[in-house]
Amino acid sequence: APLDAFQGKQGSINIAGGTAHISVMKEAAKRIMTVNTDIRISVAGGGSGLGVQQAGEGLVDIGNAGRPLSPEEVEKYGLVSFAFAIDGVAVVLHPENPVTELTSEQVRDIYAGKITNWNEVGGADRAITLYTRDEASGTREVFDGKMLAKGPVVVSANVVPSNGAMKTSVAQDPGAIGYVGIGHIDTTVKAPTVDGMTPSQENAADGSYTITRKLYMNTKGEPQGVVKDFIDYLYTAEGEEIIRASGYIPTGR
Amino acid sequence: MISPDHFPSIVSSAARLADVSVFFGNAKVLHDITLNVPAQGATVLVGRSGSGKTTLLRVFNRLNECLPGSRTAGCATLRLDGRDMDIYGSAFSDPSRLRVRVGMVFQSPDVLPLSIRRNMELPLRHALGLSQASITPRMEEALKEAALWDEVAHRLDTPAETLSGGQQQRLCLARCLAMRPDLLLLDEPTASLDNVASRTIESLLVTLKQRIPVIMVSHSLGQSLRLADRLVLMSAGRIRQCWDRAHGLPDIAQLESLLEAAQEEDACCR
Amino acid sequence: MISPDHFPSIVSSAARLADVSVFFGNAKVLHDITLNVPAQGATVLVGRSGSGKTTLLRVFNRLNECLPGSRTAGCATLRLDGRDMDIYGSAFSDPSRLRVRVGMVFQSPDVLPLSIRRNMELPLRHALGLSQASITPRMEEALKEAALWDEVAHRLDTPAETLSGGQQQRLCLARCLAMRPDLLLLDEPTASLDNVASRTIESLLVTLKQRIPVIMVSHSLGQSLRLADRLVLMSAGRIRQCWDRAHGLPDIAQLESLLEAAQEEDACCR
Amino acid sequence: MKHPQLSLITAWAWFSALVVPAALTALTGVLLVRGHGALGSELFFGNVPALDAMTGRIPVWDGIWPACVGTLSLLGLTMLFALIPGIGCGVYLAAFARPAVRAWLGLALDLLAGIPSIVMGLFGFTLLLTLRRTLLPQTGPSLLLASACLALLVLPVLVTTTRGALEALPRQLSLSSAAMGLGQWATMRRVLLPAAGRGILGGVLLAAGRAAEDTAVIMLTGVVANAGLPAGVTARFEALPFTIFYRSAEYRDATELQQGFAAALVLLALSLSLLAGARMLQLALERRWEGTVVR
Amino acid sequence: MPGNKDRIAGLLLGTAAATVACAVAAVFGFLFLFALPVFTGGQGLAVLGGTWQPETGQFGILPMLAASVCLALSALALGWPLALGLCCSIRGFVPAPLARLLLALLRGMTAFPTVVYGFAALFLLVPFMREAAGRGSGLCWATAALVLALVALPTMVLVMDAGIQQMERRLHLTGAALGFNRRQILVHLVLPACRGNLSAAAALGFGRAIGDTLIPLMLAGNAPQWPHSVFDSIRSLTAHIGLVLATDTHSAAYGSLFVAGCLLLLVNVAVQLALRALPTKNGSSATYGYGA
């Protein structure tokens, strides 16, 4: 079994960064530590920026990011990236919002503050409340680049610090619009189609939904010891099952 | 020696206590006191420490109620506006309405941490509700009456705490007098002063007691005998003996031996 | 009247001050005091309030140093173990070693908020470092000496604060005596007590002063004259006059007028 | 009425006396209503058997047990670091320091007291970076670092309450002790400290309360969402307040949310029992020092 | 020997004090050192600008400073009068049993974790504010200010009450004998004499409100805009630090966080100095004893 790789080993793995990754990391860590308590794994969030920063500074062993590393980051820190899953980034609304389809232009205008009421895009007469992510977010970077085409975001948009917090906020606010990794979508929020594309992992995998990104694990230099074992584990069949269960499509190595 | 509820020389009485007892928690501190306070002159309470003098004094302005655990039983009346009022009755459901009519000076000068002027004005304004126009003349008059005006007139706005002990005590007296009380309670007003300062206060009291009935406590037997029109000896929460100047006060030696005799009784209450 | 540094009747002296001045901040509170305290009997300090009596007393156990901003100049010696020791000198770089030899009783009874027993034991154990075995008999002996044993023997473990004022004051005295001091300082030890209680303390002092040299402050002129073997009149931080019982003490009236005369001088120091 | 000012104040006093408890009741009510269902061994240990979880034989990933242990270790370590310097400094300021030292150190402490906890966390983080670049390249965020920063955060509370409690004692108490021949330290140790015990303990309590509830400092210095029981002082750890903060945003389903509410209840209970326990300790200590028997 | 003991004790205690002093110096020193490169690196003025838009290279944190100050002041404006009202309640304006209950409640509130307030408010107050405002998300200035007022309340009450209790004990017999009732004593004698405690409580409350991270982070919405309306989403300096810490250690955004930290320190220094400059009689000991 894949977990046999950890037999008789010991050491610690500290993981932090992208909030989209957490459920995968946690489940993997749980399984590993259950068979071998000598391996200690800690999992934290913080956002992709934190993952890159802390892995770069050597504060964690694996720094997760929901975006590719920039060439400067690779050069400055000597980071090595391991993509392990594909995730789409989808616009999400409150489930009671009647709007079911949007165009990317409408999304851009909404985030730019040109459209301020849902009735301008076929919804009820209700003010739109905007939610965006913090500066360190990989999800935000993908959304800004691929959905908004680097268009502006009004300064009055609420800022939330994680994918989970985004889902929670949108789920509570009838006028909300926000965005999360597709893996986070459940019944508490609703994802409208964008330009006719339905956000789902299948569509993200087969390319019919284009606003996608990969999820990466980053290490400073080539991974060693249990850290390498951990990364390898996520590429085994059992690892891919975990990734799928969290709502992502495994990429394989 | 005469009976406490009948001083022969009494023309009219300023206050009367009938069977008044005071408890602190479960301890009975005053035992069924019956006392008649004449409308003229000074009534002086003497007795060992802890015999209940202060407590008795506080019966007259219901100040015992401000101490935790106290309870007062019995009947106490005060002559106000020509009528005998039950001070523990419904007429004074708010005891502060009684206290503005009864002035009290404590053993140690309790000036407020304010200027001299504000010390005088504060009770007049907020307890009596007087207007500024009537406050200023009252203040001056009271300070003169307490023989303090000349010493403080030029420094009314300095903190009262910068006055000497004797001056502070006279300020407290003046503060009472400005309220135009119907009865004056003095708890060892010269205890914390040196000889010379006490003499000043004493001579003030001699004139004052002509005008306002005074009940005072004194530890100094000499002072008691100098000032008293009536003398009340207390021990262990009871009135032991009363004298009247008209019928002859005891001398110091006599008083001292009486006090000493009371020691045994006090010991058991400790 | 005699000179302060030479009492004719002195056989040997317990303490000597030469040109001692005490400052609080910039204020000079004692001015070049020179005083010779005989090894026998009581030296009583009298004077108006604020004349520096307490401060002078505190010179002998260096307690002024515990008050913020104080400074002492001049020379003070104490006779200990047959030698005259400079108490501000290097022999007492730690003043608490001096203070265990000099007992002090304050004006208001300063019992610690502890049981009676712990009040007695605390200084014996922690200042003298005695063992429990030697503490218990010392405590009993001292309490007997202070005429308190019979009253407290059955309640040694009750809070000392439940004692009466007079009892508390005697407890403080007993606490000092248990330390077997070479000099006893008493600051108005009966000021907060009633006549009878003061008499008890007074009669205690009469026997005590035969054994231990006593320096005491008193506000009561009567008491001063009863107890004093030497009388020192202070005003405005200076010694004005000294008397010796052997050469005749003044009478009360005389003393009072002297005090009153000192008033002007004091007024300028207020 | 003659006193309109008084009636106005009376109305306001009643208003505050009603509105504050009402607000508090509403907030705790939410926790109780939505969280009580999750109180149970599942909340603490997930699906791991309680005994295995407590001994750490099987790591707990879905319960708050590691967070509880983490918070308690953090609290213990913090107090270990803070108590002695805090109380020592308070004593020094109250009795031993020269006036100039007192004024400057007092100012410094007031400034320290005003430092926001996130800034203290930031300090911890910069300290860590500096240490890594210089003396200790292997260090990382840890229980040790977090409790050291927390100790700094609560230090001024300890110092000021100790100092205040000592300075509030009657001056006569120290004069009497000195006159009895007790030295400066003996006076402090035997008389003043015990007499001020109540106030000092109050300060300790306040400090412990802050250490137990703080999130911002540890967020930057070593707390993580999942780590199991603390593996040592140099390892990362879980802590209740952070768990609650994390759950409030990251819950995946209704059960996890309910557990978040329940965790908040647990932290609340922990803090309040700390308060109650200290109060009892205080009464016992006072009785012992006074040497009086109950009658 | 007792003398030696004293010397050793003085030395040890002095060491404790010196440790504390070093710690204070270290905290200030580190933060200023880390903030310095921002200014020497030429980004200084950018950081002290009025717009935060990292995409366009604008890293101004002044809106956050304004938000922090506004938030703290409004929390104080809500909390301080309530604290005063509660003090009045406790000291005689409501029946004694209720007063005792209130005091116990307030003592308990000091042990009430901030995160618990934030969590409960997220599900109770936020939806309510959203409906009340009729716009926005309910995550706004007003929500955070309300909860912060509650957070800062018990400390303020206890500091005020420490002084009031002491003063009342000193003055109540005198006042009563002059014919004041208990409420008049409180209003006319005790409160004026406790001004030191009242302003110390305000300073403490302000410090608590401006220094809190979780409440604004969870409840204020975190939009980096200038505060205009109480229903606006705003970002405090503390929340800003929490949010931006995750960025690249060499970016200007990262540098801004040390400037934010220093700004918070400076505000704190200003409050402390202002408090010291206030003419108070018993101010020096005003903040003490609230733990008792």
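The first chain written gets the first letter, and so on, giving A, B, C, D and E; residue counts start at 1 in each chain.
Quick note on the criterion: contacts are C-beta pairs under 8 Å (C-beta built on N, C-alpha and C of every residue); 3 or more make two chains touch, one makes a residue touch a chain.
All values derive from a computational prediction rather than experimental measurement.
These two copies of the sequence, chain B and chain C, are related by a rotation of 175 degrees on CA atoms, to the nearest 5. Set against one another, B-E and D-E show the most C-beta pairs in contact at D-E. Centroids of chain D and chain E (each the mean of its C-alpha atoms) stand 17 Å apart. The distance from the centre of chain A to the centre of chain E, each centre being the mean of the chain's C-alpha atoms, comes to 36 Å. Chain centres here are Cα averages; for chain A and chain B they lie 83 Å apart. Multi-chain contact residues of chain B (touching two or more other chains): 126. Shown for chain E are the residues that touch two or more other chains, namely 2-3, 6, 184, 242, 245, 249. Touching of two or more other chains is recorded for residues 3, 129, 182-184, 186, 248 of chain D. Residues 46-47, 49-50, 52-53, 56-57, 73, 76, 127, 129, 131, 134-136, 144, 150, 152, 155-161, 169, 172-173, 175-176 of chain A are the ones that touch chain E when the two sit in their complex.
Residues 56-59, 61, 128-129, 132, 137, 140-141, 223-228, 231, 235-236, 246, 248-253 of chain D are the ones that touch chain A when the two sit in their complex. On chain A, the positions that touch chain D within their shared complex are 12, 14, 16, 19, 22-23, 26, 29-30, 33-34, 37, 40-45, 57-60, 160-162, 164-165, 168, 186. Contact residues on chain B toward chain E in their complex (touch as defined above): 61, 63, 66, 94-97, 99-101, 103-104, 106, 110, 112-114, 122-123, 126-128, 175, 179. Chain C contributes residues 48-49, 163-167, 193-197, 199, 219, 221, 256, 259-260, 263, 270 to its touches with chain B in the complex.
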